[in-house]
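Shared between the two complexes below is chain A, which pairs with chain B and chain C, respectively.
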Partner chain A sequence: MPLTGLPLAVFVFTTTPARKKVSLCARACNSPHIHRHCTASTAAIFAMAPTKEELERRRIVGVEEERVSNVTSTDFPGHYPGEDHTWNLEEFRKKLKIQIHKANDLDYEFDLIGVDASIANAFRRILISEVPTLAIETVFVHNNTSIVQDEVLAQRLGLVPLRGDKKGFQHLRWLKKNPDEPAVEATDFNTIVMGLKVACTRNHATPATETDPEKLYFNSSVYARDIKFQPQGRQSDWFSGAGEIRPVNPDILLAKMRPGQEIDIEMHCVLGIGQDHAKFSPVATASYRLLPSIKIKQPITGEDAEKFINCFPKGVAEIQTDKKTGQKKAVIVNPRKDTVSREVLRHEELKGKVELGRIRDHFIFSIESTGMYHSDELFLQAVQILKKKCVDFHEKLLES
Partner chain B sequence: MPDHETLPDAPEYDAENPGAEVEYDDDDEPLDLSTDNNAKIIMLGSATDDDSCASFQFENEDHTLGNALRWIIMKNPQVEFCGYSIPHPSEPKMNMRIQTYGEITAKDALIQGLADLRDLCDVVTDKFVAEKERFSVGKQKS
Partner chain C sequence: MQRDAYVPPTAGGGAARGGGGYGGGGGGGDIPRQVSMKYLCADCGKSVTINKGDMIRCKECGFRILYKERTKRMVQFEAR
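Showing the complex of A and B:
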């Protein structure tokens, strides 16, 4: 092999330049790492802040052609020598950012920045399965001559989202939280009674040529609005006027009938959680995604730029003309709109020019409520439920 | 979670006389579901003599508390190891193993973790409420 013009040996330093080589652990445990318990004197040697590039690397979960990289959180004490990742409430308060993007009653979107996935995921899981709501639990069928079978109708009724005075709900208690508990008597404190009584009859006023069943018959369709609240005891005080308990959406079709058919049903509604049955879940969806990050490593110009922006949904990337040179160049304008489809990684001419990823601690949270509570109230409730779990176990541990 | 023994008895509903005034012992105060504490936790028999390492079993808990608590306990520099598992999917139990370097007991680490997580929740609530305020003011102006 000719060696003309090349140095005889090329030394490549693969170690991270930010770290210094240090002596062994002070407690002589023969480890090249300094352990957290082998405190002060040696830790000082390592007290070096990570470089900007290193911090940026840790912040991004890489999305590559065939794999995702850098998935696990590493912000723990002892993971990086000399760095302090101890839990610090004030630090957390400074770092945590919440930005609301969409604030409709039932549809909320906000950014939760500066928390770990385990925390964000706890909130999401609680929203779906642990925030209590009211739903129809027991159905007493006095008469049902419609073609919808009793059990099918009962199942449909259970899934109808209900709403009512939010303050009123504070008076309610669990009838029974888990099936092992002994049955408790139903009272106005734990059971809401609803009635559904509809009979289908012929409308004699229609001409003989009429074919629309909605006109031919009365009550040919039974809707959620036909479910009527029957207040028991003090419930008429708690849920009165606009705060009356009723289906969130009055137009849910429950059954169809023909003349002579009848539905007469009494329903008992109780508080429950999504863990027990999905009908108790207060959200249609509660989900998050991480904010996409798209980095252009080398300038993408000319025809490639056109190709590049077409790899992303509208509004993510754009072609800008350099004022001095007049050259056309692709730039990222709004990574939030990206779906991280990885289309850009499939093109040979763009290879190595772009790096896709997601920002590890930037959660785009979206909560869609089913209507009993507003989405923002639900999030606050979820946080409170996680807090209550902590407080309860904390108390129990201090007792024991 | 409810504990029916600790809650005041609901007054009986008089079906024959539905409009009758009944005396309520709660002074018209809304009942607070959060007062009852049914949390159950036991220490499993795998602890070391000095209690620096121990396993705990949480009842009726899952990944929701498990993972969040694991994360915050791992943030404690005195803790060498913390992990959780759900031994069987059809049993509502969550096991958590904590090993410390020996300066504190595993139980202390757990108590500290629960307190830290509680504080975290307060900060999230504060920030969310403040942002809601800011957002609604901004909306009114525009």
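Showing the complex of A and C:
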């Protein structure tokens, strides 16, 4: 273990009683306080590589009755004397784990284990605001005699999620990457044209007693499915057949009409990112939580066990009967299902027997796509974007 | 000061240019004016064409409130 870069203050403590003479803390935290670890002999600090228990302890964020303890991560260089925490690719490879738990078209849940919160959070933020998607940006109203005002209808149209052939999207370019930048000319490479032309008419075939507007009139409700793709130039090759650009959810109600009313609108869709407007966000939610950890420190038996398992959501804890003694004992089965409600900590009889926490580097990531991309592609896109940012940053560093 | 005369939107492609004598009431006398206009009855919803000087009244139901039609011009909005 390399010992370079250790402050000399460490050696001071070998000879002075730490409690009396106040000097800098040995952990290189530059604090004038004496921490508990400073009182231990330096020899012991050097000799001790962190034990398994210690490493496990560092991984847990404590959830106590009225506070959360051990919040920040400590695995950075210089925090523990004598330990090398410089970032190491091999080490990272060994630690990083990804387990997929749910992978539907729209829902994706996986565990991201062994990364720092900053990285997990970067992915989350990129997913929400930097993965580009297509959305309606400009609305040209030729006619709108429905009761929904033009600007309200335009705003509603903008929020309709669109989908289309994924390979086709690779041909698309930005119309305007920065809001400040002047827009380039609209071409088939950067603008998708959609049309919405509906008129409401009376259905004369219905009996006079009919009261349901859906039956009385044709087109009394305008839905997202009425938005029709109007391919321009080569777009008919890129987005054809099932790959045609269309709303993800055909049943979004856009407006209601009565006979004589009409909507005739042309829309231009462009690529954009969620940072600019939420309509461009490819996810409904992208979030993570830390895996809960529940430690039973003393066996919980008998009636207490019953009480104990009732403190958790179903499936978290269970009562097991010892085969030899026949004693009933509470065990943790699936901490993943726990909500960390801290209910256990309220009971006097369970005091000191349980320790709640969360595992600091175990992220339960959940991504919910709005439909333009499959949910599993989204995370890969986010990784790619972060990677590109890193490369750009590195280049900038080399330049300066 | 010369002010531009108000030019009402044309209705029905000049279908009824009957009352020919009423050209240019405002400033520029040489601008040809459409004298018949289409309105919508506020009661029965039918389209009503009226010429200058006509009673403001629906020809179908006799209702005296008429609505102006929405402009046929394209209006641009940002979907934000």
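In this section, the second predicted complex is superposed on the first by the 353 of 400 C-alpha atoms of A that agree within 3 Å, B and C clash if a C-alpha of one lies under 4 Å from a C-alpha of the other, contacts with A are read in each partner's own complex, and residues count from 1 in each chain.
In this text, a contact is a pair of C-beta atoms (placed from the backbone, for glycine too) under 8 Å apart; a residue touches a chain by one contact, two chains touch by 3 or more.
Note that this is a predicted model, so its numbers are computed, not measured.
In the superposed pair of complexes, A:Asn143 makes contact with chain C only, with no contact to chain B. Of the two partner chains, chain B is the only one that A:Gly78 touches; chain C does not reach it. Once the two complexes are overlaid on the shared chain, A:Leu96 sits against chain B while remaining clear of chain C.
Residue contacts after overlaying the shared chain place A:Ser118 against chain B, while chain C stays out of touching range. Look at A:Glu53: by the touch rule set out above, it reaches neither chain B nor chain C.
In the superposition on chain A, contact is made by A:Glu151 with chain C only, not with chain B. Touch criterion met: A:Met267 reaches chain C, while chain B stays clear of it. Ranked by how many residues of chain A each touches, chain B and chain C are led by B. According to the touch criterion, chain A has no shared surface contacted by chain B in one complex and chain C in the other.
Within the complex formed with chain A, the residues of chain B that make contact are 1-2, 4, 7, 10-13, 18, 22, 24, 30-34, 37-41, 58, 61-65, 67-72, 74-78, 101-103, 107, 110-111, 114-125, 127-129, 131-132, 135-136, 139.
Put simply, chain A touches chain C in their complex at residues 135-145, 150-151, 154-155, 157-159, 260, 267, 277, 279. For chain C in complex with chain A, the touching residues are 45, 70, 72, 74-80. Per the touch definition, chain A reaches chain B in the complex via residues 35-37, 73, 75-78, 84-87, 89, 92-93, 96-100, 103, 110, 115-116, 118-119, 121-123, 125-126, 129-130, 132, 167, 170-174, 177, 181, 184, 187-190, 232-234, 376, 379-380, 383-384, 386-398, 400.
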